[in-house]
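Submitted below is the structure of interest, expressed as structure tokens.
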Amino acid sequence: MQIGLVGLGKMGFNLALNLHRNGFEVIANDVNPDFVTQIAQQGISTASSLGDLTTQLTGRRVIWLMVPAGEIVDDVIEQLIPLLNPSDIIIDGGNSFYKDSLRRYAHLKDKGIDFLDCGTSGGTSGALQGACTMIGGDTDVFKYVEEVFQKISIQNGYLHTGRAGSGHFTKMVHNGIEYGMMQAIAEGFEVFERSQFDIDFQKTAELFNHGSVVRGWLMELTANAFAKDPQLDAIKGVMHSSGEGKWTLETALDMGVPTPVIALSVMMRYRSQMEDTFSGKVVAALRNEFGGHAVEKK
Amino acid sequence: MQIGLVGLGKMGFNLALNLHRNGFEVIANDVNPDFVTQIAQQGISTASSLGDLTTQLTGRRVIWLMVPAGEIVDDVIEQLIPLLNPSDIIIDGGNSFYKDSLRRYAHLKDKGIDFLDCGTSGGTSGALQGACTMIGGDTDVFKYVEEVFQKISIQNGYLHTGRAGSGHFTKMVHNGIEYGMMQAIAEGFEVFERSQFDIDFQKTAELFNHGSVVRGWLMELTANAFAKDPQLDAIKGVMHSSGEGKWTLETALDMGVPTPVIALSVMMRYRSQMEDTFSGKVVAALRNEFGGHAVEKK
Amino acid sequence: MQIGLVGLGKMGFNLALNLHRNGFEVIANDVNPDFVTQIAQQGISTASSLGDLTTQLTGRRVIWLMVPAGEIVDDVIEQLIPLLNPSDIIIDGGNSFYKDSLRRYAHLKDKGIDFLDCGTSGGTSGALQGACTMIGGDTDVFKYVEEVFQKISIQNGYLHTGRAGSGHFTKMVHNGIEYGMMQAIAEGFEVFERSQFDIDFQKTAELFNHGSVVRGWLMELTANAFAKDPQLDAIKGVMHSSGEGKWTLETALDMGVPTPVIALSVMMRYRSQMEDTFSGKVVAALRNEFGGHAVEKK
Amino acid sequence: MQIGLVGLGKMGFNLALNLHRNGFEVIANDVNPDFVTQIAQQGISTASSLGDLTTQLTGRRVIWLMVPAGEIVDDVIEQLIPLLNPSDIIIDGGNSFYKDSLRRYAHLKDKGIDFLDCGTSGGTSGALQGACTMIGGDTDVFKYVEEVFQKISIQNGYLHTGRAGSGHFTKMVHNGIEYGMMQAIAEGFEVFERSQFDIDFQKTAELFNHGSVVRGWLMELTANAFAKDPQLDAIKGVMHSSGEGKWTLETALDMGVPTPVIALSVMMRYRSQMEDTFSGKVVAALRNEFGGHAVEKK
């Protein structure tokens, strides 16, 4: 089967190799010509433009988007629409917000074009060696390309989660859980770090991966990180985020579901990006006002 | 009535003036002779030592402690015990932990000495002009010195809260509420500060004090703080704490009561005292491990 | 000055009386004819429809909307547009989301109609006796009706907060602060309620209003509530909400500002509306899986 | 090597089988004679009392305690002291608070008796088939019994974490992390459950275990739980706890470390045990006071 792949970033590049290794005929494209050159060096066919890409694909075309979530997805889709035929299939494999996927599904349906939203987990190594994919969309469309998901995922690592939107919804919640788990691990190791004991972080993370309740891939990565930098001395504790945690929280708010752990995981990331806080100034000023407690001057 | 006052810090000094203005015969002492000199300049009698203090008091002695919470209270009490007679009264007006007050009450009871635990709110201005006092201890002892609490407090500003310990317990919870209220105000003004609008913080805080639901003394102090420094440019957002918020939280945990707002108020204070966090390093490292997301280097 | 008032609910009815008492000529309307009859009995002119309302107003018309936030505001505005002349003024005095106000301002500007967004605080008693109002919109429009805000508000209780949207934005944040303050008070009293001491809730709340740091209107209302029902035995702890807390939180998330106290205040409200939680079932099931801990059966 | 095992509950019983399978000569005891009978039926030697137990052990005795944390541990230790010789070894394999372990270590040191604190993770299945053990105490004592830890743990599943107390400290923090992870998973599935999509919980949890970032033992147990009861219809969402989460939080507070995720995980457990809350009543009453919002009557 031919697969048109748009987007050759960290995830897309590895996915191209994964598809190729699994016998799919990949035609890859990216706005950055360097990435196109690099993937060509891996023996993968390339396209110089979306027009070129769609021309090289025959029959019912399958185009996998692996571009940054947001307007870029819409831009690519708008460029593709005039180039596609009815029943051609666009798969959005990025971290799109599920409400955008619902909108895109309906928009493409109007044009007769099929759409699947595919959440892809497992990080860059998963994209290369075997991902975990969760796919939303019409059953018949899913069935048509099921082989793709089956091959690029690890064994039992793909699922048709339901109707359109459910793939990215499932991935969003997955990431919300991930935020909470990461913050839980991080808090635990901060308690270790501040403790009166001389805890060996790497050995402890390793231990936790052998028979403990908290064993899992995140704890393995924790052990790996400490193996490289035992005290994490080289890095700053600034935690960025790409949106899914916030979306999970917003979705929960819309449903009236309390998700305190996911909320605080997101907020501690925001806090880590601030050198100082206005809220802190207000509290410090108030303590000075009523109690004469000294404030720290800048 | 004579009152022996031990401790002439910000609160004690003002309380001495308050007692004196209200017609009590104050004999004041502090380990710092400068403070003793300063209060003497205000026309208040002083004692050079606890022995001197107890000698100057006649009849059933009333000694008000206004010293930092913790071991110092125990030290002063141990020094006072051999100097006192049965039914003499020690009032601890500081921010002692209520479990310490329960212990001290029992310990002094064994010696025949009476003890009242008095939570004092209203800040330094309240200590001077009229405080809010919450008193725990035996009813007959409270009655004996009720006039003191009545005079130094603003109208309707004192309460016998119940048996020993309840005064400091009530003050502890008061401060827990205060932590939450302050953090709520602070978060609101941080949202103002980050907003697309050009909110005048001082005018808004002033407005909130005229008819709004959130009007109150803390909002008045907020307006005062902004009147002095409209953007709080001069100060750092480092929030210190003196223990009552943490104690409220620990007490709630022991009771199995969820107090998320008080908990987070305490924790955001701790966070503000940290330049960087180990937890942030762990999360940043994990994001790098699974997704190749760049970490910020030191 | 004439004021057309649309909406005679708890807030609107009281505002009509307030405007009337302050010498404005009110022409009142509501979709519910009973409310119209009731306000007529208070000596206030009424209109049977929006058409009737606009007909009765002369010169540059001023129409105050006091209807539930959301689609109803848009519906009323759409009905009013064909009935109004350029430079007529619509004031939205309800709890609208500020982004809706920004949109409505622009939409009405296109039609030549002026718009002010007015956050109104102080509850129903404030609406009657003197509110706290925060007004966003063009300065010249504000000036034209400033007398209205000045008269219906308590002294110093109104503020032109800035450009369109800022009035409702300020009110939204005000309510976010209010959520946090209320939850802080509530947590404190739950600690009192569970404690080993026999705290008199009403006396304690009263005390806190006399000289303490946490004194303010919310604590006065707390004392009032306990005066009516000393243990709050008659009511259930179900906390509803009308949106502003959630909006404040969502706005903070969009800005990347951590607001843990406001977040948890909102979430504990949601939690209170749930009899049981699916999250609780999941944790209980997990504890059973790994540790054999008994689950509670339904 | 002989091992005296005191405590034959869920964990202790399985540990006895594990030790026996691995070639240790177990002499088992429990205050409940039924448990003693049951373990005897498994071919394991038993003791009718602690005196009988110590008599049956020869040479440098090794006694493993697997009894509930708290006073029972102290009681057993006090009973054992007169029965033991210098350099005999007590291992506390339960979930004791690390400060208690520090105290017990010092107390036993005074008597010449050696003590190891051993955190045991992996649940009841781990206790049977291969646990994860984290051991604090003197290095030479650890070395003497290292073979025991090595044999009863899965490969690479034991660690000498450092000096006395560090084993239970590590286990405490492990459980704090576990609380946060479980709550994160639970929140995610509550979002699934409330969503507009028809998510298959069991299939989704299964999927998450195949290549996703959140794969791990807790997610496997989640899949198992849904396999048994697809909607968890049979159980109530009441989450009990055995202390380690609370201890982790208290320890973090003492260190001034913010651990919001662990804190909220603990608090949502407490909340789940309450049918109604006093804090909810207070907020509901306040909303009624200022806004006339209806309260729900009991």
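A, B, C and D are the chain letters, set down in written order, and residue numbers restart from 1 in every chain.
Heads up, the rule we're going with is that a residue touches a chain if its C-beta (ideal position, glycine included) is under 8 Å from a C-beta of that chain, and two chains touch if they have at least 3 such contacts.
If you're wondering where the values come from, they're calculated on a predicted model, not measured in any experiment.
Counting C-beta pairs in contact across A-B and across B-C gives the higher total for B-C. Annotation: the subunit B:subunit D pair of sequence copies touches via predominantly the same residues, more than half of the used numbers being shared. The most distant chain from subunit D, with centres taken as the mean of CA atoms, is C.
One inter-chain figure worth recording: subunit B and subunit D are separated by 39 Å, centre to centre, where each centre is the mean of the chain's CA atoms. Chain centres here are Cα averages; for subunit A and subunit B they lie 48 Å apart. Subunit B and subunit C have Cα centroids separated by 34 Å. In subunit A, the residues that touch at least two other chains are 122-123, 183, 185, 187, 190, 194, 213, 217-218, 256-260, 264, 267-268, 271, 290. Subunit D meets subunit C in the complex at residues 10, 122-125, 182-183, 185-187, 189-190, 193-194, 217-218, 221-222, 224-225, 229, 232-240, 260, 264, 268-269, 271-272, 276-293, 295-298.
The residues of subunit B lying in touch with subunit D in their complex are 213, 246, 249-250, 253, 256-260, 263-264, 266-268, 270-271, 273, 290.
Listing the residues of subunit A that touch subunit D in their complex gives 121-123, 126, 130-132, 134, 136, 153-159, 161-163, 165-166, 169-170, 173-181, 183-185, 187-188, 190-192, 194-195, 197-200, 203-204, 206-208, 210-219, 248, 251-252, 255-262, 264-265, 267-268.
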